[in-house]
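Please read through the structure below; I'll follow up with questions.
Chain lettering (A, B, C, D and E) follows the sequence in which the chains are written, and residue indices restart at 1 in each chain.
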């Protein structure tokens, strides 16, 4: 019996250790594997570099064209971060307003949906006719792309308050505002953070789309233009290098947001708690 | 406080209460006693104003101000994202008191429920009884003039429970507050209350009311023959009420 | 000096050389204009900016957009036609596209804009089909990958790109040679401008013509430098190639332009193209498009003396 | 006292009735108000119809061009619905796989993020070189746009299982699969439905983007091409009519998904419960 | 089942148990009694295999098969999305039984806890005590050979509670099952158990063990002088254990 348990225990410890290492190793290995497969596919099928360059060539191009791509990455990251901030403010703000007033919600939620589904490409010219400031217009475009998940998830979260807690606040005479700040917002946090993780990627897409429809005059050239241009010029290795940078930015943003989310929730929410073993 | 012919039918069609009459005077300690599911919690929620009765009225004589109310629900109802201290802070916080200002009173309330050293724990790190005690500390931290409690001591062991009973009585003597108390324990209800309202189920209503005459409530009372006799009387009333169903 | 702005249809490139030249060599300044060139881009809609009064002149794609404006009652007027021929070509793999009809056997990459314009004509005049068309999003890789495809392009850009990247020279079929008789790269402005500031329009048209003569036949280095400043990605080789091709195919300076100067338009030419497009169903045959263009500013031989 | 209560009661009933009516009236009124404001802006500023047509003209065009726009709407709706189905299958499928295997999650989540942020426009040509079937390629493009919110929210939901319930399942010897079906999926339902509402709009965007990058040969012309074409032809009223149709589709999809969500959750989840008054 | 020198330290650094030894024989009815927060629930979770002890071992003599286990946690732990009937179905469902097949047994279990008419209600429509009873029905529906219960009857009134006590004893006599039972009630523990383990807090450990010799457990036993004496003995042990802390 004791024997059996000891092996069990050792197995458990071994598994825990494996997981700790695997947490970093596995993604790294998978990425390496993906790169190798990509490389082999390109080599074995003799795919020419102007259709699908191999990872080596993309890496080389990345280094070679860093002078062009580096600043572009920075510009795109900057726009994406601004867009995300605006999306957070706008999304949470709207969700709060909607939760404070059912009238506002009933009346304006449809408009939020309309904004979400409106093709930015189609209305961008209109925006730029009336919005003088290019940066503002740019952020507006990116915001339209990214705000909805935050609004939608935060709204859901604000409505998912524990009923008994809501009653408690009612009894203690909490004002609408106190209820919002002390009860609804913390309850909505896990949902909001989930929306934030979605919006992180979308804000990057928003930055790309916004640059695509509006250019980035005054802030420098971003990755979107580099991709289009490289594609247009058949400089496909550079196009892929730029795409790789976007992908890397996306993963980076996601990782940072996941970390924030973990730190914010680890004390209390199921999704972030470590299981007691 | 008076309830006149109060009835409550839930959306699902369950009649939780029907024609319930109840009068509670200021400073009185009233226990609601009754079988599980007979509508005690529903009555308490109606009194707290959390629901509107389907029929009848709940009315208050004189002012009743939210700052002067303390409640313990049947479930601990703690905010999972806040530490014990912050949970107890809640009623004070809603009145605008800052944490440093409130801290001495929070500590005192936690001390009273025996959780002085758990101020910085999160609710999920507490045992069931400890959560309930935090909830009690939260209800008492404002030293309210009206206390509504729904089986607050059910999850506590006898010794803690007795201590809390005495603490509650002491508080009540000091503040002269009104207490409406839901319990399952005949002993507890007799020990604590001026009046015991025995409820009958399906539909929930008042079956009997018994006054508990007792000059002092202390260890002596608890071991007195009088106490035992009253407990028996209440038990009998309870089984009559249950049998009715 | 009057400040005016001119929106082009793409990022700065050789096909815009004449305008840059005019800015550089003072052709616009001579008659009192201070011109700012606003480059276009993949999705930059300079036409909308002109309609909204944010810029003064715009580079229109071809006559079809002029007709469309007339059809929608938009007060835009074409005042000059910089390119006598549509420089649009179809590229094929070597030997696959000897004649225009050979294209019918291939999949053709056409942009949405092309699909809404010249492809209509290709369908009616040459019997192309919707099914063979593929969407072109300005990436030529699919074309290079598949030898049974053709792709739209500008005679002055894409052939060189394919040659450089893929290592072979594609066959180019000029749409204009197949009978697509539109002018291209027109200068357009609002009717209001024509009515109230004709001297500005005249100056811009004349200056542009001079710029183009100078760019094609003179020293283009300053304009090229300016283009490279606006678009650092472009190479001297590309600029030289564009210039060569425009000359070789007579894009700017051919036909009527040989006698009446760069920018010329004639009623017969426009009417002929309109008839073709009406037959193609791209435009209503009853359209009155007479107000959509004016011949007042062209055909005066301005700058012809600069041609050596 | 009785008097006061009676007025209170009447006020409460009045409020309830007002809310019932307002639920439909308010959004209708707001939309009418928005249309009027739009109309007035156009008229007072004398904005020409080729920049911003008034709502009346758009409505006229909608009727006049219905023969063109109706079928296009149908095509776009079809693609959007297919994309949404694929996004649901793909998103939930991935979330389930990730929840079943932490290794899979650690290894492949980054790829999901990469997919989310990759500009479809840039990789569409590549997709169409290797994907022969047009419809498949089209759906792939739309899927890339729409799947992530579902994956992300469902993942979050699958991880937000009540700890005590999970313990209970463990004790009763539930298999990994039973735990998934009977415990995790129901727990994740509110999160999933939240993701679905976000993905509903995105699938419409995905359909537009996919048509834009890939055309819809074989299925007929969708709204995306109609918008581009109308824009190119300066037929701005028709462009706005098509945009209005997209907006209407978006609101419709959202309303249907909200209804589904309400029906699925009304018995038990806080966010959908009516408050006991 | 035996626990040898079991200790449990939580991630936060709280030592919930330390050096706890316990032996439970097959067919035995053992109660864990102790002040709130002394580690009773933690001990039960360790026994159920939901946690691993930090030190020491929990080991089982002979097979223990998940199908043969019934648990009631301190909280009702119902699935909010399922009706009462479906909640009770759970253990059977996990063994692959279809609802129609299982229905008679579910109905019987619900009848036993007095909720026969609530099969189609959702958990949120139930009172606190009713939820707990559903949880009890769920634990007993499989007629398990090992039952772990964490204060199952705390939320019930005396009358229901007594009835459930008797039902539990009857079930146990019928199936000969092992029961490990956490409770706060001295009376209940004496009435039900063969052996009472009194735990002391901070850190949680076994303070005393008392065997309860009683031939039959019925109304007669409950009113006997022997019963009262044993209750007093257990009470005394409990206060000693609490006093230790």
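Here is the rule we go by: a contact is a pair of C-beta atoms (placed from the backbone, for glycine too) under 8 Å apart; a residue touches a chain by one contact, two chains touch by 3 or more.
These are the chains along with the protein names UniProt gives them: A, D = NitT/TauT family transport system permease protein; B, E = NitT/TauT family transport system ATP-binding protein.
Keep in mind the model is a prediction, meaning the values are calculated, not measured.
The set of chains in contact with subunit C as well as subunit D comprises A.
Distance between Cα centroids is largest for the pairing of subunit E with C. Counting C-beta pairs in contact, the chain pair with the largest number is A-D. Centre to centre, using the average C-alpha position, subunit B and subunit D are separated by 47 Å. Centre-to-centre separation of subunit B and subunit C, using mean CA positions: 85 Å. In terms of their C-alpha centroids, the spacing between subunit C and subunit E amounts to 86 Å. Counting only residues that touch two or more partner chains, subunit A has 51, 121, 126, 129, 162, 212, 228, 231, 239, 269, 273. Contact of a single residue of subunit E with at least two other chains is seen at positions 10, 75. Across the assembly, subunit C contributes residues 45, 48, 52, 137, 139, 141-142, 145 that each touch 2 or more other chains. Contact residues of subunit B toward subunit E in the complex are 10, 12, 14, 33-37, 39-42, 74-75, 121, 125-130, 133, 150-151, 154-161, 184-186, 235, 238-239, 242. On the subunit B side of its complex with subunit A, the touching residues are 45, 48-50, 65-67, 69, 71, 73, 75, 77, 79-82, 90-91, 93-94, 122-124.
The residues of subunit C lying in touch with subunit D in their complex are 45, 47-48, 51-52, 65, 68-69, 71-74, 112-113, 115-117, 130-131, 133-135, 137, 139, 141-142, 145-146. Residues 162, 164-165, 167-174, 178, 182-183, 186, 189, 267-269, 273 of subunit A are the ones touching subunit B in the complex.
The part of subunit C that touches subunit A in the complex is made up of residues 11, 41-45, 48-49, 52, 54, 137-142, 144-145, 161-162, 164-166, 233.
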